[in-house]
Amino acid sequence: MAELQALTDDVVAGNHILYHHGVFDGYGHLSFRSPSNPNRFYMAAALSPGRVTADDIIELDLDGEITSADKNRETYSERFIHAEVYRARPEINSVLHSHSPTVIPFGVTTVPFKPVASSGSFLYPNPPIFDTSNVPEATSVLVNKPEIGKALVGVLGQNSVVLMRGHGNTVVGRDVRETVSRGIYTELNARLLLQALALGGPINYIKESEARGRRSIGQQARVPSHGIDRIWYMWTDEVADSIERAQSRRTAAAH
Amino acid sequence: MAELQALTDDVVAGNHILYHHGVFDGYGHLSFRSPSNPNRFYMAAALSPGRVTADDIIELDLDGEITSADKNRETYSERFIHAEVYRARPEINSVLHSHSPTVIPFGVTTVPFKPVASSGSFLYPNPPIFDTSNVPEATSVLVNKPEIGKALVGVLGQNSVVLMRGHGNTVVGRDVRETVSRGIYTELNARLLLQALALGGPINYIKESEARGRRSIGQQARVPSHGIDRIWYMWTDEVADSIERAQSRRTAAAH
Amino acid sequence: MAELQALTDDVVAGNHILYHHGVFDGYGHLSFRSPSNPNRFYMAAALSPGRVTADDIIELDLDGEITSADKNRETYSERFIHAEVYRARPEINSVLHSHSPTVIPFGVTTVPFKPVASSGSFLYPNPPIFDTSNVPEATSVLVNKPEIGKALVGVLGQNSVVLMRGHGNTVVGRDVRETVSRGIYTELNARLLLQALALGGPINYIKESEARGRRSIGQQARVPSHGIDRIWYMWTDEVADSIERAQSRRTAAAH
Amino acid sequence: MAELQALTDDVVAGNHILYHHGVFDGYGHLSFRSPSNPNRFYMAAALSPGRVTADDIIELDLDGEITSADKNRETYSERFIHAEVYRARPEINSVLHSHSPTVIPFGVTTVPFKPVASSGSFLYPNPPIFDTSNVPEATSVLVNKPEIGKALVGVLGQNSVVLMRGHGNTVVGRDVRETVSRGIYTELNARLLLQALALGGPINYIKESEARGRRSIGQQARVPSHGIDRIWYMWTDEVADSIERAQSRRTAAAH
């Protein structure tokens, strides 16, 4: 239970952090796999990220059905993105879907979205692009059916990120903190690459040997005070007020 | 009366939201059609959006004359934009005029302002450009006479957005929340499209079939916790302090 | 005295506003001509704009010497910009010098800095570029001698704005509020023009007839609740806390 | 001791300032040379810059070993950047390493990073680019061994800034305030140059004669109320709350 509580705190913080950093607009969502049942995952009910509190985190199964007590909460229509990643990728324990603004242009053009800084090594060599117009079950860009989720996961393959044409992107990681960090550094790489391309001429991208140590999920150990373990604490400090205000409003609205 | 009060709260919030999101500078304005009289509409007296309070919302007729008690309030010189949209488009119940910064460049160049993300579907296929230099009654870019408003509405046609050359844009919707949301996603689409064009090569725009479900005003039902119904609550949370400060200053100034 | 106090309040607010809007970095300055003596002007002692309080506004003559009681205050080394504008342009009562970030690139390239929106009409047809490397008395880009100020004013001519190569720009107006507003809309025009140029193709600039009404200093009457009279109040609301904090720190430091 | 305390306060403020200005992300670091022993330097333990307090500043020797009492603090893995600069450049007393976002693109392309404004004179003629892929001891872009630090310092030479390919940059100065200021104006120059290049045509760069007075470390005297002495006080005012919150959280966590 303590582990579940800690992960719940992380997913709440992650929602606020991703919104604070401009990766999420009002429609992003973030989840984690249940630590006790690999066929369950947790995410917020259908709320904008800046309003998410611990009381809004619900449990779902891989068909996208609510399995926790609060059966009448509204769910994100694109929860199938998360469910199908958890079904296909056992080493992945956290997923986010965002409309990361500077990433979207790379999904509608033909320039490969390669990493230009070491912080984007998890993107190596470059994320594939998923397009719902190739999916018979899709009637819009939304991944609102299991079949569309499966198609997305097929394009994602073993990558950490998949771009979604005319829509946004999906990012996966071993845990909430890694996924949040990757979401933020995916947006940053888009800004850096756009600027590097504007400068013109050949670009000296991150090489395979440089990316390797960071790319393979499950092969990189966490080091206390380094990497995500360092930056996570500053990021959570920055959204502490935002989380507290969301909780206060929720409590006030319930009375 | 409760409906009018709720709409007044929305238009106050909308002013602060649009300013907070950088769509409005100090000169934008937002209105809604009277729920009881289709020939009347409500908007703020001539104030900058960050100062608007519920006490500043006045009623006007379609000639731009004040019809509420506070006859001596100053009005926006471009209120005719709103009046003429309400006259010509019965299904429209809210209008905004802004100097949305990233949209202006698309009004002075020849690149079509097409949607590159699903969130901009209401722009499909692309908004027309209105130019006051084609309007005999105009002596500047301002839409400060009924005739110029009629000319603008003629160019707007059945679209949701019209660009205004060297000036800004006008956005319409079924209600305040939809209009505010469209204003914000019009500005976002401008940023996305500018970046996609900078990347070069062919752009994979939103297709007609993808845009259709969202384009036709009045054909898309509101779904609780989804779309604008979700994001509106976060946006209003964010400007709650701003609205409260504006009300406090107004009260203090009155004493 | 009441007039001087009101102008002092405006110049304090203007410093904070220009910093808040990113037109000033830590080195900008803003002045007004004495309402009682055309050969005197007021500006802050050598402080960064976010620290300026009413107690820091000093009086100088057109040679840049302090004429108020506080003779031992440090002065801006580029006060000659202000002094020489006041000497040469009797209709001008306020001057600012900034390193407005998006304007600087237009001072080091050959693209004319023309207005693309009506809010930039005062720039029409386009500001000249001043270059200290053409001024024998200059040993750097700084306008830190009367002769260099005279050279700058010679290039400024009857324009409202002059770009300064590798340095920034200078903006003049009839009073503090107009000068502040022009400083902000000069920076905005730079952003808009940079984006319009990136889109490519011919640009539909503001025409002479459209710019005329706003260009000629002294010919445009102030209208209550419109133009600068409207936006100034929102801008000052936004920096009220910043001014109060600056005053508090100053008072605390004096004890 | 008073001097050490003052420098400690500066390095704490500098961490918060660089983060506030977007030069540091969560992984930047800043140091100063011991005023009493040229073979020692001070920097924070391995924390993100927004969390640094005076209690986190530790002393290290030029081999990167902790020499103060708190031997079990975690250190930045790239502390060798600082150590090797202090070993090779006796006139340098402060160093920062950042992932300054707009600078990174200039490290992966071939456009020389020349100064376009006088505030970037310390960059003249243009910083060299260091690439770990030319360093046998490096297995990633990180400067996490003394040998890689020595290679970096070899490329830095007598410059004030060195770009680091696919990674960031390193900035040196005579004291903390100068280094912080240079870090901020390096990022600004990247933005200005990117925009100037986008405008096209020849760029009128800062000339050698204009840069000279500011370039040579140790030759430019500090002038009270001018240059860094002016802006530093505003910058520290702006982060006073951030520093206080970091200290409060640290104290709370210790209990």
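Each chain carries a letter (A, B, C and D) given by its place in the written order, and its residues are counted from 1.
Here is the rule we go by: a contact is a pair of C-beta atoms (placed from the backbone, for glycine too) under 8 Å apart; a residue touches a chain by one contact, two chains touch by 3 or more.
Remember, it's a predicted structure, so these values are computed and weren't measured experimentally.
Under the contact definition, chain C and chain D share no contacting chain. In terms of the stated touch criterion, chain A and chain B have no partners in common. Most remote from chain C, judged by the distance between CA-atom centroids, is A. Where chain B touches chain C, under half of the residue numbers in use are shared by the two copies, so each contributes mostly different positions. The distance from the centre of chain B to the centre of chain D, each centre being the mean of the chain's C-alpha atoms, comes to 45 Å. For the pair chain A and chain D, the distance between C-alpha centroids works out to 32 Å. Multi-chain contact residues of chain A (touching two or more other chains): 198. If the chains shown are joined wherever they touch, the resulting network closes on itself as one ring, and no chain has more or fewer than two partners. All chain pairs in contact, by the document's touch criterion: A-B, A-D, B-C, C-D.
Interface residues of chain A facing chain B in the complex, by the touch rule stated above, are 25-27, 45-51, 74, 77, 99, 101-102, 104-111, 131, 133, 139-142, 165-168, 194, 197-198, 245-246, 249. Those residues of chain D lying in contact with chain C across their complex are 116-119, 188, 191-192, 195-196, 198-207, 209-210, 213, 224-226, 230-231, 233-235, 237-238.
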